[in-house]
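For reference, the structure I am asking about is given below.
Labels run A, B, C and D following the written order; every chain starts at residue 1.
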Amino acid sequence: MSAQPEKPPRREESAGLMEYSTESLVPFGPIHPALKEPEYFKLVLEGERIVEVIPRVGYVHRGLEKASESRPWIQNMYMFERTCGICSFVHSVCYAQAVEGLTMFQVPARARFLRTIILEMERIHSHLLWVGLMGHWAGFDTLFMWVWNDREVVLDLVEAISGNRVHKSMNTLCGVRKDMPENMEDRIIERMKYLTDRARYYRDVIDTEETMLARTEDIGRVTADTAEKLCAVGPMARYVGMRRDVRLNDPYAAYDEVPFDIVTRNEGDVHALLRLRLDELVVSANIVSYAVKHLPDGPIRIKIPPTIPAGEHSSHCEAPRGEIFYFAKSAGGRTPERVKSRQPTLANIPTALEMLKGQTLADVPIVLTAIDPCFGCMDRMSFFDIDSNKKWTWSGEQLRQYGINKYFPERAKRQLHGQKFSSAGLGFKEKF
Amino acid sequence: MPKKQIGSAIPEMFREMLEKPSTEAYPFKPIIVPDRFRGKLDIDPAKCTGCSVCSLVCPSSVITMVDMGIRKLADRELKVRKPVFDLASCIFCGECVDNCAFNALEMTKQFELATPNKSDLLMKKVFT
Amino acid sequence: MSELFPQQVGRYAEQAGSKLTTTHKNENVIEVTQEKLKEFLGHLVNDLSTRHLMTITGLDLGQNIQIIYNFSHERDTVHVKTNVPKTKPVALSIIDIVPGAILYEMEVHDMLGVYFTGNPWMDRKLLLPDEWPSDLPAPLLKTSRADEIRKRLDLGVAKQ
Amino acid sequence: MLEKLTNWSRKRSPWVFHINASSCNGCDIEIVASLMPRYDIERFGVVLVPSPKHADVLLVTGVVNAQTVDRLRRVYEQMPEPKHVIAIGACATSGGVFKGCYNAGQGVQDVVPVDMYIPGCPPRPEAIMYGVMKLLGEVK
């Protein structure tokens, strides 16, 4: 951020500057205006190519695991649900499954199906959000607006079922709190069909539209071996051909009663990630339609006592971004002894660093968005030029413009003629 | 692989132009929220018995019980306690509503809660 | 295949002087000593191709700190436990076997103060703030208390 | 006369800068959703700008933790006068569900002066619009 010039460079940074005479150091983050969470990456550049990336996460660290040790089991679920605002329900499901394993109670079938429906709706909303952001960073804002408008369709359904658009607060230990509203079935199926059509249309657009292809093809390559060694999860593993999906490998909720197949791709670039997520969206829409049609009757929850028997149990689920993991240890009391949670973004950071290596600076936002991070600090970078010892800052918007100019010089010229170029005015109003 | 082209989304753009606008007319017209929408918490002081279950289940300690004096019932003296809600930290989960045995609590559909003073968010309806 | 897997893990566990216990469905737990850990993990990762490390969990057991390596293999999960004494919390890094463990080891280092020898990023912080007072105990130890940490950290409240 | 004109234009087109002070993303995506076609807060001239130096209104989400407290202060200092702060969400208003976590503050008002609180977890995009409109109504 631009308040930093008063501060002298840190010792390790200045030591690095002495060492690399041809390399420049780019601090990336942590504050960004448009979206998502603050994170910090230190990029070492050689010319325009990235040779080394040093991450620093922890800007959103709040100390949930410590706080969970002093709160009752059920209240912890609401806290862990608020770990992330995009994939909130899957956190509560995974935590609930870890705790349910310690008790002797089984989750009723209807509750498992309802969980599956909400989980898949959440995946649809998360993937749509991500496709829109990719469109924005690639300089294709039309797609951004369309996709986010379609996202409202699924958010409306989620709100009608659970009562909130983002934090559903619908889960509870051994069941769900709200039943499916009456007369929702037809509406859900019709909306899912609409979303399937839209996803197919977007897939055609990104396959043919040169704006997207130029920015996404052959960018962010990583080999299957590297991704496996670095324990990549979710779409980051599937886009290099690994069949790693918890829904299929270790079915939870009602996934063993729903027919579906996961999507994998072999290209291993950002374009493959786009295709993969849009294909997954269709799969998710089919799962929702199937689960709504085959919703079993019965109770939706079992009341369980506030104390949980002593023991240790772990659970893993497939969040939109990849596998999440919860571990619960109970000493037999009303509060947990220890709850451990691991989010998919942490697992994908080593792979993202590999993806960034060898890329140009212009591709940094698109590659970092491609991992679908729960952070996205592409909006504030300060550059340090070693030769002149001069410091200047670029906003993410300027960086985005830099990327567009690099790939589409004619369009940049048109824009300069057509509208007055200013970094602030470009905001969300820019249309092509 | 289909042929590359520029502007493959233009036909769709024209189609969208002819459709009715997707923007809702919100501040000029009120919106209809779903039946299950969880908005501002509301209490019916007449139904509340002061059992303090809501303050125990609340995940973000919104509810504090305050002493309201002593009530005489036959020859026994009972402490009367009533809940006060600090809606500033309410996370709108509805756990208190589910656990209230007397149906005194309710999630209304009101979501326009913005206020310049944080003290406005303290709900002391039980005192009136 | 998946029925054979726990038996195979059990065989290697016996070589490492331990025993496999299945606590819940598909949850295999092995407790090995710090010396045998890398040998056992080498067999698990290379011979049984259990290459997906889900995470590393750290637990405060009072006298010891327990480190659990959570692996997953198709339907099975394998939890390899090892203990390090609290007085000398040093463990061996496994990033030569599982390169993806690097951030998880940093997390355990931040949260419980275990030093992993062989991890090049041990001197960096992953989650804790830069201004973390070095004399405070690591946050997830049972001796550390949330309200005491809050007093020491600058959360804006102190300035008022 | 000139003052009147400045005030009028200030009310007609407030430029907002959004800072995420360790929020969970829930409020953040609702802020972006309010800029999208369905809600379209740009009808009222609200533009999300990428730099605090261009902004009139600062939208803060999230509990403030030790890593972001200094960044929030510095961003606030960079904003030109007159500046307004809106705290969005239960976390920014009072700490919300994270009250008592060791690395979570108790609301933004401890760090920077707040002009408008929008409670909700997260507030609907309409609630955010209402809050911004209410702030504009109070600005003289």
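The rule is simple: contacts are C-beta pairs under 8 Å (C-beta built on N, C-alpha and C of every residue); 3 or more make two chains touch, one makes a residue touch a chain.
Note that the structure is predicted; figures quoted are calculated from it, not measured.
J.: Starting from the Cα centroid of chain B, hunt down the chain whose centroid lies farthest away.
T.: Ranked by distance of C-alpha centres from chain B, the top chain is C.
J.: Tally the contacting C-beta pairs at the A-D interface and at the B-D interface, and name the larger one.
T.: Between B-D and A-D, contacts are more numerous in A-D.
J.: What whole-Å value do you get for the distance between chain A and chain D if each is reduced to the mean of its CA atoms?
T.: Averaging C-alpha atoms per chain gives centres 23 Å apart.
J.: How many angstrom lie between the CA centroids of chain C and chain D, rounded to a whole number?
T.: Roughly 40 Å, centre to centre.
J.: Any idea how many Å lie between the Cα centroids of chain B and chain D?
T.: 21
J.: Which chain D residues sit where two or more other chains touch them?
T.: Touching at least two other chains: 37-38, 65, 67, 96-97, 100-104, 121, 124.
J.: Tell me, which residues of chain B touch at least two other chains?
T.: If we look for residues of chain B contacting two or more partner chains, we find 22, 33, 59-60, 91-93.
J.: Multi-chain contacts in chain C: which residues touch at least two other chains?
T.: 129, 139, 146, 149
J.: For this entry, which pairs of chains touch?
T.: In this structure, the chains touch in these pairs: A-B, A-C, A-D, B-D, C-D.
J.: What does chain C use to touch chain A in their complex?
T.: Contact set of chain C toward chain A: 23-24, 26-27, 29, 51-55, 57-60, 68, 70, 72, 74-75, 77, 79, 98-104, 107, 111, 124-129, 139-140, 144, 146, 149.
J.: Of all residues in chain D, which touch chain C in the complex?
T.: The contact residues of chain D facing chain C are 64-67, 69-70, 100-106, 110-111.
J.: Taking the touch rule as given, give the residues of chain B at its contact with chain A in the complex, in rising order.
T.: 1-9, 12-13, 16, 22, 33-38, 57-60, 91-95, 98, 107
J.: Quick check: in the complex, which residue numbers of chain D touch chain A?
T.: 15, 17-20, 22-30, 32-33, 35-38, 42, 47-54, 62-63, 65, 67-68, 71, 74-75, 77-78, 96-98, 100-104, 121-122, 124
J.: Under the touch definition given earlier, write down the residues of chain A that touch chain D in their complex.
T.: 1-3, 30-38, 58-64, 66-67, 70, 78-79, 82-86, 88, 129, 145, 148-149, 151-152, 164-167, 374, 379-380, 395-398, 423-424, 427-429
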